[in-house]
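Before anything else, here's the structure in question.
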Amino acid sequence: MPVFDVQQFRQQFSFFQHNPGWVYLDNAATMHKPDAVVSAISQFYQQHNSNVHRGAHQLSQQATRLFEQARTTVCRYINAKSSEEVIFTSGATAALNQIAFGLMHTVLGAGDRVLLTQLEHHANIVPWQLHCQRYGVIIDVVPLTADNQLDMTAYQQLLERKPKVVSFSHISNVLGHIQPIDAMLALAKKAGAITVVDGAQGVVYKQPDMQQLDCDFYVFSGHKLYGPTGIGILYGKKDWLEKLTPIFAGGEMIEQVSFVNTTFNKLPFKLEAGTPNIAGALGLAAAIDWLQLYNTEQLIQHKLLLLKEFYNGLSVIKGIDILSLPVHNAGIVALNVSNEHPADVAELLNQQNIAVRSGQHCAMPLFSYLARPGAVRCSFAAYNSLDDVNRCLLALEQAVEILTA
Amino acid sequence: MKLEQLLAETRSALVQINEQDLSKITQAKDWQSKYRVLMQLGKKLPPVPEKMKQPELLVKGCESRAWLLHYHNKTDDKHYFVLDSEARIVKGLMAIMLCLVNGMSSAELAKFDLNHKFDQLNLKPYLSQSRGSGLTAMAEKIKACC
Amino acid sequence: MPVFDVQQFRQQFSFFQHNPGWVYLDNAATMHKPDAVVSAISQFYQQHNSNVHRGAHQLSQQATRLFEQARTTVCRYINAKSSEEVIFTSGATAALNQIAFGLMHTVLGAGDRVLLTQLEHHANIVPWQLHCQRYGVIIDVVPLTADNQLDMTAYQQLLERKPKVVSFSHISNVLGHIQPIDAMLALAKKAGAITVVDGAQGVVYKQPDMQQLDCDFYVFSGHKLYGPTGIGILYGKKDWLEKLTPIFAGGEMIEQVSFVNTTFNKLPFKLEAGTPNIAGALGLAAAIDWLQLYNTEQLIQHKLLLLKEFYNGLSVIKGIDILSLPVHNAGIVALNVSNEHPADVAELLNQQNIAVRSGQHCAMPLFSYLARPGAVRCSFAAYNSLDDVNRCLLALEQAVEILTA
Amino acid sequence: MKLEQLLAETRSALVQINEQDLSKITQAKDWQSKYRVLMQLGKKLPPVPEKMKQPELLVKGCESRAWLLHYHNKTDDKHYFVLDSEARIVKGLMAIMLCLVNGMSSAELAKFDLNHKFDQLNLKPYLSQSRGSGLTAMAEKIKACC
């Protein structure tokens, strides 16, 4: 197997040619798209554009075929049992909202419990709050240990309260920690809970295998996986998807409508109201096809190399407060310069063309637990090079120098 | 009308289609002739009486409504079908599908590859995944019988 | 003013070069995209890609600026009072669901009434049903007159029941009839109702003016207005948008989150949970910018010319049953061949490379009222030519001949 | 500490910034020096005591928290401000903003064009629409006072 050639990989992203001066380390927010994805979108619009599941004509049938092929591509990639288990949504947020709303009333009712964790992204907190409040469902929260990892003892104790749903992120978008997902799912299942995994960051790290994970739901966004904005995936086991009340109703998700009574179409259509993001689905499939040209293990190793180099470099800069652990880390490092606000640090990095995100990263409960106003987050992708790491480190040194002068 | 009668009439219609019409379709010179034959095929099948068209017999995913009735002879493990559709072209295509599967055993039905067969008959383009045509839905409903 | 040159207009759509044999008359389902829209999307991904409203870096700030400029473009186009009144959604269906869900509980409660019409698209029926059922809200329906127009007398009588919401389509997606929207809105307002306009077809016909229409909500989809899939607009008067409960919760739509209490961000962010379809928003803005290079009146006149030619041609084909009226028609003709199923007619047109849609067009209640199994719908766009019309007419003659042989 | 005292201290700090520091920023040779000055600016403003940082004073849309206090002298129609921010660079930029508007009349404040002024000072890039920086949000909050 040839060694991983980061320059060859990087060349497939026109973005870097257009922005040569920049070091992009905001990958956990969104990733860049290889040209293959951009072409797939253009090609759809310029050659195959038509609405799906509607037309009596070949153009529409062809668009439908492409759209359903995209579903199959996703299905195979995540090793779902069948394409019906793959629902296209507008993103991870939409998918989590569909799950939370869809379980209310039918599955969850007054007095039932939902178990979340302290480090969830708002998208895996607020939809539950929004709908649980209306239906009297109670939310429990798994706390963290002193080194910012999930407290597994507390998790087990909370499972004794018999939550009907356990929902947690595969990988923390702030800390980059890979959760002990197998153990967590096994315990949740033993406790009889429906399991929901927020895979927004998880899917980026490694191809997730639905049949092996055996969770009931798994969600992610296309734009974080080299794909377009406005598309995401709600994976669910068929039986559970059947139980979800659709959050959106509209055309084609319906079997029969009258003003008296409406029956829904079968899966996956039942949960895809309205004209879907056809180009988005094709773009996501193109991203997956493209990604599969590479060896996953090599990409992971490359990212781990970057991570190691980064941690090494950080250890010699004075006053750096690192929140992320280097082990079981998917390539995200949250840090602060002691006694400085992260916004100042990020702004000084920005001046040096280092793109990072600062703030609370849509995870306010985590930061109130950490008792910090936020953090600077450096998140790495396979297209980042050792040079990117070193430029970031130098810029960070410079920032520390200016701040502490 | 009883199911037995419908089954018998369908069966003999299908024999006739198989023997006389299938070749006409593959040999049709232009699309117009092909469609004329297709529509005649549909007419050969006995219409299902309105009150037998129960909702559970509806083939979901058809733009035009279509109904499938099924009978499984357990003694010799053979499957027989009756169908009707509002749309004549679809009915013709579905009739061809029935020709291919009527009288099959459960094992044969399970193995049956509609795509392949339709390809041989140059009818593959009609088996689109579009919900419109409903042929795939019909094929699924047929296979689900075994 | 130079006369409208349909060939010049058409040349801007690569789709037609790639599909030279086809006559595309399925425009009410989705429209083709000018190359300007496709380039805007590619350009975003290849030059400016970044997440919005999040990053501390210039790339993100630039993406945010582009995204907010897109909002301003839409705001100006529909003459909303301010950009806060323009919410990006994934489409018209999502927008209507947000309105229906968002008004429940806070504005609508048990015993309240919502007034719809017999010819609505499912997207303006089922969301109301879905949520009204849970909250005990009653739906009334405006019937049609003998010539398939809204029964204005009945409308006025139903308004006497004091519905809290009146929701109807600007233009019927099946019949193409332009509703007497000014009169309907005036009456609804006099009755004190909140007014919702489904503009999915309306916005395509003519630039809608929010301040002149003065409705409370107006929604449409990008993909029907020369724009991308996966993007749509929820316009709402600020006061009403403020009252909507968000249907989706997640990142950036939040001001403050804890496990005890969550407060929402201000408009428009409150109603835009999660990473938005950034490329979609830019694509829609590019479509609007491009469209404004043309004279709206000329485009309308061209479409009316096509319509006249089509009606003339239809009048000499035997056995055609036309459901649409030629007056106040935006360019959509629903028809049947007497005693034939529309699916058969559409299939014979398809054989002749005429792309139309057949069926019930996501308007089942209309068809049960019309007592027909469906219809063939020919919908025209400004890029259609007289040649398209004539080819469709010839193909229809051929179809009738085969069917009635 | 009382509001009067904060106002007075802010006012004299702003005079000093206006007279001494603004020119330093425009004349700074490299970005490092510019940022050093910016951070010094922030330090010149008196910190707002924790218990005065009421939620309603928070400027919404800042990634780092910032607070704005306002006093309107009705006799001579002049507006005075006090601000604080967790982030030093943002505080420096906000201080410049205050320099420009402190003591304005309602009419002047309504007319005031921050974009234009920041452009003149070569600070326009900081006024992005991004929610992160919060400068625009601060400017809006200031203008909303009149």
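Order of writing sets the chain letters: A, B, C and D. Residues in each chain are counted from 1.
Keep in mind that, in the parts below, a contact is a pair of C-beta atoms (placed from the backbone, for glycine too) under 8 Å apart; a residue touches a chain by one contact, two chains touch by 3 or more.
Keep in mind it's a predicted model, so treat the numbers as computed, not measured.
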When chain B is superposed on chain D by its C-alpha atoms, the rotation angle in degrees, nearest 5: 180
Distance from the mean Cα position of chain D to that of chain B, given in whole angstrom: 77
CA centroid of chain A to CA centroid of chain B, Å: 45
Rounded Å distance, chain A centre to chain C centre (Cα mean): 31
For chain A, residues that touch 2 or more chains besides their own: 54-56, 58, 60, 252, 343, 347, 358-359
Sites on chain D at which at least two other chains make contact: 63, 132
Touch-based graph of the chains, sorted into line, ring, star, complete or other: other
Contacting chain pairs - touch in the sense defined above: A-B, A-C, A-D, B-C, C-D
Contact footprint of chain C on chain B as seen in their complex: 31-32, 35-36, 39, 63-65, 86-90, 132
Partner chain A, residues of chain C touching it in the complex: 14-15, 18-19, 22, 24, 26, 29-30, 32-33, 35, 37-38, 41-42, 45-47, 49-51, 54-60, 90-94, 96-97, 101, 105, 116, 121-123, 125-127, 129-130, 134, 139, 141, 221, 223, 228-231, 245-252, 254, 256-259, 262, 273-280, 343, 346-347, 349-350, 354-359, 362, 364-365, 368, 376
Chain B-touching residues of chain A, taken from the complex the two chains share: 53-56, 58, 60-61, 64-65, 68, 252, 255, 265-266, 269
Complex contacts: residues of chain B adjacent to chain A: 60-61, 63, 125, 128-133
Complex interface listing, chain C residues touching chain B: 340-344, 347-348, 351, 358-359, 373-374, 398, 402-403, 405
